[in-house]
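Inspection log for the structure reproduced underneath, given as structure tokens.
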Amino acid sequence: VNFSSDNVAGISPEILAALAAANTGTQPSYGEDAISARLERRLADIFEHEVAVFPVATGTAANALALSTLVPPWGVVYCHAEAHIAVDECGAPEFYAAGARVAGIAAPHGKIGVDDLAALLPGGKGVVHHMQPAAISLTQASEAGTVYGVEETAAIAELARRHGLGLHVDGARFANALVHLGCAPADITWRAGVDVLSFGATKNGAAAAEAVIFFDPAKAADFAFRRKRGGHLFSKMRFLSAQLDAYLEDDLWLRNARHANAMATRLAKGLQQIAGVRLRHPVEANELFVEMPDPLIEALFAKGFQFYRWDGPRGNCVRLVTAFNTAAANVDAFLTTARGVNRSE
Amino acid sequence: VNFSSDNVAGISPEILAALAAANTGTQPSYGEDAISARLERRLADIFEHEVAVFPVATGTAANALALSTLVPPWGVVYCHAEAHIAVDECGAPEFYAAGARVAGIAAPHGKIGVDDLAALLPGGKGVVHHMQPAAISLTQASEAGTVYGVEETAAIAELARRHGLGLHVDGARFANALVHLGCAPADITWRAGVDVLSFGATKNGAAAAEAVIFFDPAKAADFAFRRKRGGHLFSKMRFLSAQLDAYLEDDLWLRNARHANAMATRLAKGLQQIAGVRLRHPVEANELFVEMPDPLIEALFAKGFQFYRWDGPRGNCVRLVTAFNTAAANVDAFLTTARGVNRSE
Amino acid sequence: VNFSSDNVAGISPEILAALAAANTGTQPSYGEDAISARLERRLADIFEHEVAVFPVATGTAANALALSTLVPPWGVVYCHAEAHIAVDECGAPEFYAAGARVAGIAAPHGKIGVDDLAALLPGGKGVVHHMQPAAISLTQASEAGTVYGVEETAAIAELARRHGLGLHVDGARFANALVHLGCAPADITWRAGVDVLSFGATKNGAAAAEAVIFFDPAKAADFAFRRKRGGHLFSKMRFLSAQLDAYLEDDLWLRNARHANAMATRLAKGLQQIAGVRLRHPVEANELFVEMPDPLIEALFAKGFQFYRWDGPRGNCVRLVTAFNTAAANVDAFLTTARGVNRSE
Amino acid sequence: VNFSSDNVAGISPEILAALAAANTGTQPSYGEDAISARLERRLADIFEHEVAVFPVATGTAANALALSTLVPPWGVVYCHAEAHIAVDECGAPEFYAAGARVAGIAAPHGKIGVDDLAALLPGGKGVVHHMQPAAISLTQASEAGTVYGVEETAAIAELARRHGLGLHVDGARFANALVHLGCAPADITWRAGVDVLSFGATKNGAAAAEAVIFFDPAKAADFAFRRKRGGHLFSKMRFLSAQLDAYLEDDLWLRNARHANAMATRLAKGLQQIAGVRLRHPVEANELFVEMPDPLIEALFAKGFQFYRWDGPRGNCVRLVTAFNTAAANVDAFLTTARGVNRSE
């Protein structure tokens, strides 16, 4: 049983079926196909707004390309210290923004707040010696498995506007955040002041598909060139778009996310009842960060459960991630094992 | 009937089936999965040599990443003036190599020769004012549908060695070239002196899969970082590797290429018998460049055949591309139509 | 006697004196000093236009920084095949423009014309696969020692406007060109449609000083950041500005250029009277490209004259460059020697 | 009286004289001149080691170019949070290292220690998701006016070696540090394990001159290309080298630094005797950071003394910088005024 990450899961059956369905006849390449057009319309409907949509295959590509439209080479993008763009993309944002800086801000529970940001701004804006504040990036759901609320997002957006900064959301787990919030997709994006969204699907059931979504298409004017020179324009684009299209059809994205979140909650509830076990962060999406005694961790490993220690090889915090297809039985098996180990200590 | 490109075709059924087959259980992400390991072994067998293999999703990514390991930011890569890296990648090689230069050399039939290169070398090597010669890139099969022979390749490799240049092959249509040559994959790559190969699969039946293959793994030491920061490391890597693995299994890649080439030859033979029609280049792979009277071109368009004019909107040269699944009946329909039009003129 | 280049000469005495004169008391750093302010006013007067002025120390920095404001990373700048930016800056324009391309166009006598450019445009503008035409750069005086006339410049500017391209002038020898033309500085720059000028002083008597001049200050909005991050913002800026200020005072720049041009003309006239000697290009500024028999070249070297062979070590074309302080006696000595050698052959 | 910075001072008379002395006859350009050769020999003597020397005009260029040889585009350079490279170079290191990251570490008195660094290393070395630790940069003297001792430097160098990191020293005020330490230049550089030194002269009496010094010339193999494509190779190099040459002759650099340091010490001693005034950091070079009551600060401004508030417009810490030519009388005037103001409060 593998709780290492939501990317160890495979493809949602509906999405795999869509790949097969797309495999008929010839289609114009590079995004001129019918499925890509349908995808853009679908996203416009879902977000209740005109959008410019650019499918890519990885979240790193989505984030780095999106940020490159907001940040000049001498610009700074502010984010949480543990954000994927700061820690897990091997410098992709710096690469795509030609040397810009990613400034990570330490803050509790994976979320930065208006006060954290306000303390750093204007940050030498206009002073030639300093890199220039250019954008804010929020991770939704966050790296700590928490979710930015509508008002939190709007407050940060308001600050961004006041300082002339762009607002990006890394939505690798956007669906998980959305179903937690229970609001409309528009509420937590453009209505709250978000400029660009990395709309993730891979972690929630696609093989490899994300979409960069601009809510002001004018801001996407040169995105097509950026994507192409990054090597991220697919010739057989229909197979990228088909994944996203199926992801959205019949609310598959929301159903998948609801399941993953429910499994995380089930895991959290069970773990909270075990002595010596403590949740480090609120569980609002599909990730848990759980502090537990070392013998318990080792016992779970010994039973074949897979997951990561989070604070280094000797740390007593582990991360557990559920996915669109995590079986409730596996969650329960984990809990049963954990309870058993604990009792026998 | 669509002869616009080999990328308007879909996925080879065997490859689609492999995606479904790979979709079982969990797998470690980012290339630590079993399918990726099998793929590397398979390629080592096929090339009869130790290899370092890096799957990516697009040919542009493969080329730009491969070249970035051979060329410093102040370096020059020499290629044919019509090479994909020079013309069709929106500056990806320049981007990945941090400002290097792609120097296109005009030469007949899409192929550069030793003499073309020798005339440009040493090109100011060691002189601080000049960008520094660093690599040669050959397109195999070429943009003109022709193929570099073993001896042609070896002679260029020898020149490259003498001048301290790396040798890259853009093998977006490598299989088509290989089956034309009828030699071993090793003969036309490392035995001939090639350092790095962009091994294409997308145009020959994959959904989106290419592999960068180094024949000296030491030269790939930092490739993993380059790929990651380019946003080209897939989390669910198994689905990229599975495409390539199926592509190689039971010689699918060779069978697909032989079919595409055979259809191109069938088209070429038929067209040569039509008065006023002339092949611009030898047809050695799956592309034809055909000069024909404007009324004939227009008549074919009117009948619903799809293809591109190659010399601009009024030029009388067209490109016809066959694919792994081009039906012989469609080739014959094209020829019948062409003959009919011609007769009635 | 050294005709190798105008950069083997030292500093104009007036400019050296200005450095000493500027060396009194303290001055605000980074360009907030009084001399820098005076320089900007002086250039506005001379060019009869509002200007934004940025002193830097090298022509390569001036060109690369100027172009980076006109050309996106996926852009193309068109210039003559022998332009300094194409051949002699080791990729600085590509570096500063984050991977843009410099496309050199072969054309007679160092100058590109409207027809050369028109043949290449629109060059795939708007097509995502192609790097995008973005700017034209003219070298004034050219690498062949020739000068673009007002009408030639205006015609190219008109073409640039029509295709949405910026127009840059590499004026490393701008003064030499200007005195040849005898027009107002405005006539050959903004009135003719030039956007940005690399205004050179080093080759014409400064120690190390050039100015990037924008005729539309709005286009210079981010230039200060570009200059700083390139490491080209001087802390003791007054000593850079003082060179340029003295260069302009009392028409020193024009006097220096007139002298250098006059010496070139004197050399040209003398050489034309020698049998077997031929000027490759019209002599319009301070450079001569002279085809002469190999024994004559060797004899001049043997007599201690310094200059470069231009077509490689065995070529029979030499370049002779005069400077602001070239002595007429040295010119005459060269001619006398050349005549003597020729006679004795 | 101006204590704003050591870069508001002019040129040391000996250096100005050297510019005039260098202005005779012609000299080969781009560093092939006799003065540049002499400079390199002189630095080899002073550092008691073979060196590769590259003059440039600004400290930002020296730092960014030097670091680019130690750090790949996906690399991290560790430095103090207030280091010039982190705060005051508008992203130049990121630019020259093609997207690398500058990681500032907060630590007391402007100096990072072995423990600060050890806590961050290995920092994911070898893990493809993370940017890779590549170099450490120390500022000598530091931004806080303090100096790294020989053993402090050696301990950091030892850590760097163990983790495979390069060690750079930003020596914009290297002379000030050296005379404070009273050791040999070799002791605090290569003997302690430093790979590359940005050897500053501008702040200590040059007009605009720094030297990048490699103690292992093999590591400088491609530096010449980096410098050229950055636009930092001077054509009339003799005037850059002449500044550095005069700077070193007859120990001018040490004499200038001793004077600046002595003036700082004089200022510090005087200030310490004033009630309510406190030195924030030890005064070891030529910078003082002084906490003083707001009315005192305002009174000093009102009397015409120039300096910066250091903690923002309302902060009560000021920075005072002395220079090679700071007059003792001006120091005393400042102290007298300060004492007077304080008394009258």
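Think of it as A, B, C and D in the order they're written, each chain with its own count starting at 1.
The working rule: a contact is a pair of C-beta atoms (placed from the backbone, for glycine too) under 8 Å apart; a residue touches a chain by one contact, two chains touch by 3 or more.
For clarity, every value in this text was computed on a predicted model and none was experimentally measured.
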Any chains in contact with both subunit C and subunit D? A, B
Considering A-C alongside A-D, which chain pair is linked by more C-beta pairs in contact? A-D
Greatest Cα-centroid separation from subunit D: which chain? B
Centre-of-Cα separation between subunit B and subunit A, whole angstrom: 34
Mean-CA-position distance for subunit C and subunit A (Å): 51
Subunit A and subunit D: spacing of chain centres that average the CA atoms, whole Å: 42
Touching two or more other chains, which residues of subunit C qualify? 73-74, 89-91, 94-95, 98-99, 128-129, 132, 225, 228-229, 233
Inside the complex, what are the residues of subunit D that reach subunit A? 73-74, 87-91, 94-95, 98-102, 128-131
Subunit D to subunit C touching residues, read off their complex: 2, 4-5, 7-11, 16, 19-20, 22-29, 56-65, 89-92, 94-96, 202-203, 207-208, 225, 228-236, 238-240, 306
Please name which positions on subunit D make contact with subunit B in the complex. 30, 72-74, 98-99, 128-129, 132, 222, 224-229, 233
